[in-house]
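Two complexes come next, and they have one chain in common, chain A, joined by chain B in the first and chain C in the second.
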Partner chain A sequence: MSVSVVIARQFDRATVIAFACVIVLLLIGAMVEPAFLSPKYLIQQLHTASFLGVVASGVMLVILLGHIDLSIPWTICVGGMMATGATGFLGPEWGITLAVPFGVLCGALIGLVNGLGVAYLRAPAMIFTLGMNAVAQGLMVYHTGGFAPQDRATEFMRELAVGHLIPGIPNPLLIWIILGAAIIFMLNRSVLGRRIYAVGNQERSVFLSGVDTRKVILACFVFSGACAAMTGVLLAGWANRSYQAMGDPYLLPTIAAIVLGGTNVLGGRGKYVGTIAGVILITILQSMLSVVQPQRYFAQLGVDIPADTFRQVVFGVVIIGMLLIYGRQQLVR
Partner chain B sequence: MNVGAEPADLVSRQKHFAWVRRLSAAQRGILIAMLIFTAMFIVYGWKQAAGLTPNMINTAANKGALLALVAMAQTLPVITRGLDLSVGATFVLSNCLASTIVVGGPVATTFGIFGVLLVGLACGAINGVIIVYGRLQPLIATLATSAVYFGVALAIRPQPGGSVNFELADFMTRSSFAIPHSVLLLLAVVVFIWIPYRRSVLGRATFAIGSSEQAAYMSGIPINRAKLLAYALSGLLSAIGGILLTALTYSGAAKMSIANEYTLNSIGAVVIGGTSLFGGVGSAVGSIFGAFVMRTVGDLLIVFDINPVLQPLFVGVVLLVAVSLGSLRVLRIKNRLDIYR
Partner chain C sequence: MSERKSPYLLSMSGITKSYGGVRALEDVSFETHRGSIHALLGENGAGKSTLIKVLSGVVQPDSGKIEIEGNIVNFANPQEANDLGVSCIFQELSLLPDLTVADNIGITRPPRNKFGLIDYRAQRQIAEEALARVGGENIDPMETVSNLSLSRRQMVEIAKALARNPKILIMDEATSALTAADVEKVYAMLHRLRDEGMSIIYISHRMPEIAELADTCTVYRNGRKVETFKNGTKSDSAVVEMMIGREYSSVYPAKSTRPDVSEPILKVENFSWNDELNDINLEMRPGEIVGLGGLDGQGQKQLQLGLFGTLIGSTGGVEVNGAPVKLNSPKMAKSDDIGIALVPEDRKYEGLMLSMTVRENLSFAAVEKMSRLGVVDTAAEEMAIDEMVELLKIKADGIDGPVGALSGGNQQKVVIGKWLMTKPRIILLNDPTRGIDVGTKQEIYHLLQKLAAEGCAILLYSTDYDELIGCCDRVLVMYDGRIVRTLAGDDLNETNLVSAALNLPEQAVIQPELKKKQGMSL
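Up next is the complex of A and B:
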């Protein structure tokens, strides 16, 4: 099998459509504002996209299994708040050194509970993770309500979010590239990857083939929690502090990016390249809305509509519209 | 396990609980939710220093009725083996709309109420059309529409505010002869919406669809119309909840946190009320008691002097425990293969 075939296989119809939409959006943007095609703007967009990309990486694996992780908003928050507040748990010295691993570990723990519930108790993932989201929220509200925790990002977290280890490539983008490369390899070339696709297609058959499918599910949920927490760490470094509900704007874009990238919501089908396309598409869309500012045109007409309205409505409509094009289910009969 | 000792024990238990066995799974769910609620409410009234005054019961009923309406709305899609994550957003949208158009004289108010109910019905119908004819996953479709509905709510009411017809609001939230009007509203919804729906062809069809969509199709059941009606009615019930919220607060507010809270709690209430998340079994009446259980959890935290910031934590834990209890069937399954889909 030649290399070009391998690469071509990564691009299914949805991925091509998503990438085409990105290019069309950029061209439309460039007609209004030529700066849209400048390398600086594009790198800046990729920088913003990488926050979404990291959390989407984990959730995508869960969706490939045919489950879903709705606990990401507060898992992101847990990651950020535990990393900045690590000094309160580990002491002033270790708390700064181990801030990032501690935050990610806390996220992984939430993923572990999710995984145990879904894989071993066989609870429906969407309900169980929704409940876990509330539990994480409760814990974080209690954490900030009980005593005033440290919410400043450490120097290292700041560097991780805004620095450039390689000139020209922001660190979050580098993290996303490494993570993405590892996931592409894992999904296509490793036993675990094949098992993930197989479980998403027909868990029963995989069980009969002698695989403990519960461990596969558990691993994916833990990974999803860790990725969400990593995004939280990066966001905390980016904003230089952590705050409650910092993950709330990420649930819909994350799931949107994954399903726009052609991953089947019922599991078993989807390419990571598609998720990359979806993440970039969502990020550019968000950027366009903040540049074009449709609320201004309405304000001229005398109608005062908040900017958030357009973001919500456009998001919802785009997700449904794109899914109607290529995400429809087969008629089961 | 000592297998030999079991039969005698089992026979006596069967005699005692024979009447429980005759109940359907949904009726048993209602019974359990009712018992949990009664127990919790007795503890609540007993721990309360002032005792159970009619005023207190009225307040508790109003809060519970809000969630009960949204939980009933959630029940219908869940019975079809779907899910509606947009009930909270429809609820908030109706609240914002009601705080704008349910004002003025009796005629304007009546038109306003019909307007809000129609918009709620339309929201639900849009969900239904997307899910049935667009063939999208209910979870993703309603997540996306909830963003749209919330965006519209935000456009109607960028800042919290507005007003509502005072007489109507007062009438909806006070009690007569110690019976809160909100409870009567719930009763009216059950008698005039739920029971006719449950007994209609399309209503029964949703139970068949939830049990097995393929078998329902092969039996010539109108799948599409039944699903569409379930989602549309869900929107209507959320809108009734939105109007009640407006009557309680005299204003409208487009807050994402309210929408999320009600969506989450509605799922918890549905589960506690004995409706199966795997579809085919359930009752909106159970969800009412489930909703009152969820609300009483919050009230119990207050009388037991537990830090109120812990409330989301408790709600989450209650939901996890309720879902996990439903998963206990895993322990009873003899053939491990049946665990897997």
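Up next is the complex of A and C:
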């Protein structure tokens, strides 16, 4: 197998369409505002996209298994709030040094509970992870209500979210690139990657091939929780503080990005490159809706719609529309 | 619409169909009369299934025409074919497991009451009538399908097709899982339907079934029609030669002479599980092929699953190579010290990941051995896979294509290959030749003898008595979760197998019809 074949195989139909949509969106935007094609804007978009990219990385693996992780909104929040509040648990010194790993670890713990519930107790992932989302929410409300914790981001978190280790490339983007490269390698070349696809395809066959499928499921949920928490850490650094419900705007975009990227919601099929395309597509779409402000055109027609509401509606409609156009399952005969 | 009266109920001509670059059918014709049973013969991949799919509206041909009662028809989908009286029972069971028998039978056109809701009483009645027609009176229409055995499910499937009152009934391997008793009923029903004027198109790999049922036979090979002839005018071996396109020797290879090892590699003592397995004792030596016989569903499947470590709460002792082992997962069963492999009953849902590649499926069970620190060594993997593809003669245009695109026989080879790659010493096979063509069956028989000669111990469960006689050194017959008799040497014959399967006392007289049933199967 030549290298070009391997690379070509990463780009399935959905991925190509998603990338094409990105380009079309940018061109449309450029007609309204030429700055859309400037390198500065594009890097800024990739910077924003990497927050979504990191959380989508974990959820994608869970979806490849044929499960789903709906606990991400509050797992993100746990990641952010535990990192900023680490001093409250670990003391002023360790709390600052270990803020980031502590936040990620807390997210991984939520993932661990999800994984134990789904893999070992055989609970349906949809309801179990949704329940964990509520549990995490309750714990965070208790955490902020009880003893006024530290909600400021540490200097390191701030650097992680807005700094540039390599000139021109924001750190979150660098993190996403490294994480993405690792996942692509894992999915294509490792035993675990094979097993993830296989479980999503036919779990019975995998079990009867002498593989402990529960461990595979557990690992993916833990990873998903850790990724969501990492996004929370980055967001807290970006905003310089953590706050309640900071992960709420991420649930729909995460799942939409993965599905638009061609991953089968029922598991077993999907390429990480597709998820990258989906994440960039969703990010650009959100950005354009806020910059172009299409509601202005309706205002000229005499229809007055508040900007925020309108953006939500258009965002939802566009996602549904794109899914109808190319995200549906192929008819199998 | 033509006025001339066609002599045929159905006539297809010039049918061509390609999938991608592969020609599945090339200029194929087919005719059949009212009131006849017409058998289609051919290896897997010969084009029979595609022809049937064209006729039942599942796929559209690239060219060619179909006439029913002299009228040219075009089916855009199976519903249209149904409406014109073509009803099809496919190889893969199409019942919805969580619905009741009556729901399944009535699914396409349920009777409605005056509120437009389903009239359950009427539906139940329709189901009862349909079941009675196929001789399945003892199936409860209110039973959930998943609680029925495979044989009973096929009966329901046939009843469902008949409930639509077709003119043309197509049966694609629809009897492969029937037990002897059910086969008898289905035969009687098919003869009756033929006498009532129905045209039945019958696909089966079991030669005796065809000899008993068909009026006319047509042989296909590589997407082309070879010949149509009246049943009984050709010998079995002549027909098989037509199918495989080469000379045909004996079906079963000579049993291999095995290394003389007295120590058993596997010893099972008082193995029990719930009520389904009771005090199973067995010993297997390296190089032995041991058969599991008996009627369907007497615990054979459970015994194999139990030895593979999947039954929670099983009791009794298992020794491998003289050392007691506690088998509690397939992972443990396949480990190097134990070396057990299981080729499961249902290759599509228990053996393969259908949309993954042949390559990924083949190396799946042994992939740990071909990797370092969790990263697959693709060069080593490639070599092992090539070796296996060669050994098993797996016909796959691209082994990088999905395994689901292969024919049934080749899929089964992939499942077997997957396990051979783990280098097992004890191989459990659950009916590995079900629904597989003649040529591949023979290849599998040769492979089993070869493995035995190399020192593997093989435990083969088969619903085909002839296969047990042809392959095994001895056969353990199971009844109600127990091993009721062991047959070997001259005692290993059909009469004894059937009587033991019914748990009749030894040397009991067997009714002749029952014997005929379990005839030679190729």
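To be clear about the criterion, the second predicted complex is superposed on the first by the 319 of 333 C-alpha atoms of A that agree within 3 Å, B and C clash if a C-alpha of one lies under 4 Å from a C-alpha of the other, contacts with A are read in each partner's own complex, and residues count from 1 in each chain.
The definition used in the following text is that a contact is a pair of C-beta atoms (placed from the backbone, for glycine too) under 8 Å apart; a residue touches a chain by one contact, two chains touch by 3 or more.
This structure is a prediction, so every number in the text was calculated from the model and none was measured.
*Asks:* Tell me which partner A:324 touches in the superposition: chain B (first), chain C (second), both or neither.
*Replies:* After superposing on A, A:324 lies in contact with chain B but is clear of chain C.
*Asks:* Return first, second, both or neither, reflecting whether A:272 touches chain B, chain C, both chains, or no partner chain.
*Replies:* neither
*Asks:* Considering only touches as defined above, state whether A:190 meets chain B (first), chain C (second), both or neither.
*Replies:* Touch status of A:190: second partner only.
*Asks:* With both complexes overlaid on chain A, does A:238 touch chain B (first), chain C (second), both or neither?
*Replies:* Touch status of A:238: no partner.
*Asks:* For A:208, select first, second, both or neither according to whether it touches chain B, chain C, the two together, or no partner.
*Replies:* both
*Asks:* After the superposition on A, what does A:41 contact: first (chain B), second (chain C), both or neither?
*Replies:* Neither partner.
*Asks:* Would you sort A:124 into first (chain B), second (chain C), both or neither based on which partner it touches?
*Replies:* In the superposition, A:124 touches chain B alone.
*Asks:* Based on the superposed arrangement, let me know which partner A:309 touches: chain B (first), chain C (second), both, or neither?
*Replies:* In the superposition, A:309 touches chain B alone.
*Asks:* Who touches more of chain A, chain B or chain C?
*Replies:* Here the partner covering more residues of chain A is B.
*Asks:* Would you sort A:145 into first (chain B), second (chain C), both or neither based on which partner it touches?
*Replies:* first
*Asks:* Which chain A residues are contacted by chain C in one complex and by chain B in the other?
*Replies:* Correct list for chain A: 202, 204, 207-208, 333.
*Asks:* Can you list the residues on chain A that touch chain B in the complex?
*Replies:* The contact residues of chain A facing chain B are 68, 117, 120-124, 126-128, 130-139, 141-142, 145-146, 202-204, 207-208, 213, 245, 248, 251-252, 255-256, 259, 265-266, 304-306, 308-313, 315-317, 319-320, 323-324, 327-329, 331-333.
*Asks:* Touching chain C in the complex: which residues of chain A?
*Replies:* 189-192, 194, 197-198, 201-202, 204-212, 268-269, 333
*Asks:* Which bits of chain C are touching chain A when the two form their complex?
*Replies:* 58-59, 308, 310, 329-335, 342, 344, 349-356, 360, 364-365, 367-368, 371, 374-376, 378, 418, 422
*Asks:* For chain B, which residues count as touching chain A in their complex?
*Replies:* Against chain A, chain B makes touches at 83, 130, 134-137, 139-141, 143-148, 150-152, 154-155, 158, 213-214, 217-218, 256-257, 264, 267-268, 271, 277-278, 307, 309-317, 319-320, 323-324, 326-327, 330, 336-337, 339-341.
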